[in-house]
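Heads up, the next two complexes both have chain A, just with different partners, chain B and then chain C.
Up next is the complex of A and B:
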């Protein structure tokens, strides 16, 4: 008889999710699905609010990547104002974005994923966590905590607070950088870069031990979507959209961000609160693509900073040719991006005009539709607003980085489950591998939740023996 | 600031507030004497320079020998009066009043333009409101963003009527008024027309500056950017009075 295995909650990710594995009569995995089980409703309750509130409102979707939402929202507002923000403000925004990238990637790699990589997939779940890492490899754990602290401190120094800073505003930033703050940040960066290089060197020694995982952890033919600079280099704040296929051919390039709807469609399935974006010209579900560090590195011609470019060259050697296909290598890409972020922050801080006091363009709304796109740690983040003649929001669409990866995550857990899970001899380590492939994508589900139309809510009450006691259904 | 004109032949009375012996003019209110003597007493509807409204009930005090509580803003001092401003009962009532204000409409401080500069938020902190014990009404009110310079968010209005009074008494325009009763009560411009269509509004912005919350704010402000300046009010009020 067919059975369903449910992994709930999926641990060491941001947000709440469930994975269900459908077994056939022989106990082998037939299908696997990734369910986002929480509902937020941001797109709806933001309606009627003034557009200038959107950065603060949408930042509340997440405590890990609020800066990404702040930036995408403010870029959408800049678009509504029809202004070009002062160059110094743009550089300052870039710095806070890279600081967040550093702290978020550090969280993903050290706190959430390193327990699997260092302690093993089959280690006791009670100790397979950051505390277990502290016991086994205290220096690595200390590095992770310190690196995250450096990123958070830079966010706090610029934005006034670590989480949900309101310093970035439509038209630029609210305050110019002071010499004191500038010195604080510059002092932090060399230590951060040393940690990043040390961790990267260590991780390179680990990669050969995970050849099997690299082959089966979401090693799939998909497209890759990301921002790139106009020159085609690694880009996290602005730029144009690029889409490559699994063989490395560029299908779309130099696409202005406000034309994203030409590339991205959104499908809905009844088993998840997360939408399923796809590449429109190839249709759903064929137009599967990935975003995030892996996609960004696959799409970029170069990073543009010395150490990161060396690391990028080594990253490309993970595969004989073409874009790196395995989702396991998201971890690798994350470490390369941390190096890039720290190098680039230093370069931006040493810009001679970084202390300029002209950091804000002031204007009223000059159009009724605004689109803001930035690269969040997890991938391309899109905010799209429409406003009425008084500047009140009438319609919102948020396409979240994790959402772009939804099709790929579902495909990845199917691959891992079929490879590792045997329903007849179920072991915890098998299921942990299924969770671990999700961790490769570093999903942020609190951000990615959406409701589409009527989504019935079913609550089942079961006693300790598993018998159904009561059932409540809301349409 | 020009000194307030002192009416002739006003008696001086002596009283105690929180055990402190004080003297005051007989035409002063308890809250005025408290403010002169740096005795903290919370209020939201009271504002030096505007007429007394007595609606928020946050300045309630106990008076020895009297069974009921008195609004300090609306009660004149008297000879031998013994006033208590900070008893356990008063603290409990004040906290409850602030909680009810938060529950009545949607005061989400974190995303508000007045975050960090809001009198209601400050009061909640000083009254120890770490949570709200009554259910939120979750009512949704429309915003009025039709004015070129200012914006009205009913969700953040506490109906203190400072805007109504300053517009009427200081600016002399009487653009603002109240409409409806109870929880349906709203501040309105003219005959409940969009603010931007108001023929009486002079665009002076006094209502925005005296508003204690983020209900009336300047256009173009983002979260935490709306800092209000009320220094003009007693100056204008005294100059008007001096004429």
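Up next is the complex of A and C:
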């Protein structure tokens, strides 16, 4: 009798989703799927609105990474204005983007994933949470809080508010940096870097304990897509698109972001409201690729800052050759990127022109189509707008970082489920591993789903006819 | 907003809002003071200025684009406009996030202000809060105030005396920082209640019932209905 196991919602991720595991007659996993279960339809909502509202509108599609949406939206608006923003404005935008990355990665590592990493996949779910981490390693938990506070404080210092800053505007930023704010941020960074370095050093000691997970957590071949700088280095704000294959061969390079449609196709499936982007030249679903920290580090020639480059070299030693394949190493890549972000923010703040008051280019719309691409913490974020002669939006396409990873996440849960789940002897730890591989990607579903309140973790066993056989519920 | 906490911040959506939002973090101390730049992971006691008699933190939270859910941050903004006694800090937030545990750790008292979804619209109530780890959320970007207190207690071995003051909202539809007439009418009462708690000793507000003793892992509600409308 074939059965289906449903894990809903997936816990310790941003947003709401369900995983279903299809078992065969022998109780072994036949297939696994990741479902985004709720529809939001933001692209349609935006039609008819003035393009200048897009940064504020799209930022509200997500309370988790609004800074990323603000940046991608404003870059699309810059494109509509046909302006090149002042250099100081670009540096300030880079700083707020890196601060967002710091606090977001800190949340993912310290609060969402550390319970699994420190307490174990099979630990009692009642204690496998942040309080378990606090009891076992309070210094790590305190470091996580402080690092998050540092990232959030920089966002607030620049943007004036934490969740939905409106300081970034089409053409640049609305206000120049003041000397006192500059001093506040500079004072924070050395402490942040020390926290990041000691966390990285600690995590390196954990990695050898997870060889099995590294071998089976989404380690199958995919392509890697990200922005890189024109020199091919790590890039989070601007630059060009690069796509590598699983052997490390560069298939696409120096692709201007406004040509993204040449690379990325979008498919839909009837079991999820999330789109399935794919690499167009290889077709669907063969053109599976990953974005985010793992892809960025795999694609970059170098980070360009001292400590991060050392960490990048060590990251590459996780595997004998080629791009690091295992999605388990997203955790590692996040810590490398936190180091990079803190180093780079300090460098940018020490730029002699960072207090320059020319921070905004002013223009009206000068074209009817604008594309803005930036690297959000979870990967490449694409905003594409078309406007009419009155500046009103006629068409929008948003490709969210988590969406790029959709095919890869489905592939990863299939791999993990087939490795660890035995439908005849179902244990919570098995299902936690299936959830945990999703947490490696740190998906943020807020941009593509919409939920009120919370749902319990629900596991249902159904027979081939769909009848409910058994049901477990975890509040 | 109890009962709709999941909507805070993450709810998004197309609201009737201005592009230059008025709401943000409001604080009675400068950014430099609030940051605690020299501190490591040890909270700083001098964030409240020069040796105040007590340190009271007020946190108003809620989504500014969900109608009456904005009453928390709007109340915080009104309080921050002053005058405030020495040793009082005011923060406005969409949601309660982990790093606020550091702010709590240096406070003697904390007063949370939130909207309530159930009850008689316009009713203002207050209750004592105790740390409660079991109030943990499966989501990561917002916390229950009791959970936040438990983070503080667990990590810094202390938690401030805490109260939650709420006003029951009437409408939580999209509206940017615009309260319903009922919630607007409740705002002065809510502010009076917060000021009464602010003026209290930390054991109970002056002239108001003394709060029940702390019971671990309990969410005891010593609420007092101050005003009813409708």
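As a working rule, the second predicted complex is superposed on the first by the 447 of 475 C-alpha atoms of A that agree within 3 Å, B and C clash if a C-alpha of one lies under 4 Å from a C-alpha of the other, contacts with A are read in each partner's own complex, and residues count from 1 in each chain.
Here is the rule we go by: a residue touches a chain if its C-beta (ideal position, glycine included) is under 8 Å from a C-beta of that chain, and two chains touch if they have at least 3 such contacts.
Predicted model only: the values in this text are computed from it and were never measured.
K.L.:
In the superposed model on chain A, is it clash or fit for chain B and chain C?
P.N.:
Superposition check on chain A flags a clash between chain B and chain C.
K.L.:
Which one hits more chain A residues, chain B or chain C?
P.N.:
Touching more of chain A: C.
K.L.:
Mind working out whether A:144 is in touch with chain B, chain C, both or neither, as first, second, both or neither?
P.N.:
second
K.L.:
If you stack the two complexes on chain A, which partner ends up touching A:170: first (chain B), second (chain C), both, or neither?
P.N.:
first
K.L.:
Taking the superposition as given, does A:48 touch the first partner, chain B, the second, chain C, both, or neither?
P.N.:
After superposing on A, A:48 lies in contact with chain B but is clear of chain C.
K.L.:
Of the partners chain B and chain C, which touch A:362 in the superposed model: first, second, both, neither?
P.N.:
first
K.L.:
Going by the contact rule set out at the top, does A:56 touch chain B (first), chain C (second), both, or neither?
P.N.:
Touch partners of A:56: chain B and chain C.
K.L.:
A:20 in the overlay: touching chain B, chain C, both, or neither? Say first, second, both or neither.
P.N.:
In the superposed model, A:20 contacts neither chain B nor chain C.
K.L.:
Figure out whether A:397 sits in contact with chain B (first) or chain C (second), or with both, or with neither.
P.N.:
The answer is neither, since A:397 touches no partner chain.
K.L.:
Quick check for you: in the superposed arrangement, does A:419 touch first (chain B), second (chain C), both or neither?
P.N.:
Neither: A:419 stays clear of chain B and chain C.
K.L.:
I'd like to know which partner A:30 touches here: chain B for first, chain C for second, both or neither.
P.N.:
A:30 contacts neither chain B nor chain C.
K.L.:
Can you check which stretch of chain C gets into chain B in the overlay, out of 1-9, 19-27, 55-63 or 217-225?
P.N.:
19-27
K.L.:
So chain A touches chain B in one structure and chain C in the other; where do those two contact lists coincide?
P.N.:
Chain A residues touching both partners: 49, 52-53, 55-57, 60, 164, 166.
K.L.:
In the complex of these two chains, what residues of chain A are touching chain C?
P.N.:
Touch list, chain A to chain C: 9, 11-15, 40, 42, 45-46, 49, 52-53, 55-57, 60-64, 107, 111-112, 129-131, 134-135, 138-139, 141-146, 148-149, 152-153, 156-157, 160-164, 166, 180-181, 183-184, 187-188, 191, 195, 446, 450-454, 457.
K.L.:
So in the complex, which bits of chain C are touching chain A?
P.N.:
Against chain A, the touching part of chain C is residues 3-15, 17, 19-21, 23-25, 30-32, 34-35, 37-38, 40-41, 65, 93-95, 97-99, 101-102, 133, 136-141, 150-151, 154-156.
K.L.:
Contact residues on chain A for chain B in the complex?
P.N.:
So the residues of chain A in touch with chain B come to 48-50, 52-53, 55-57, 60, 164, 166, 169-170, 174, 362, 364, 390-392.
K.L.:
Quick check: in the complex, which residue numbers of chain B touch chain A?
P.N.:
For this pair, the touching residues of chain B are 110-111, 113, 115, 140, 142-146, 151, 196, 219-225.
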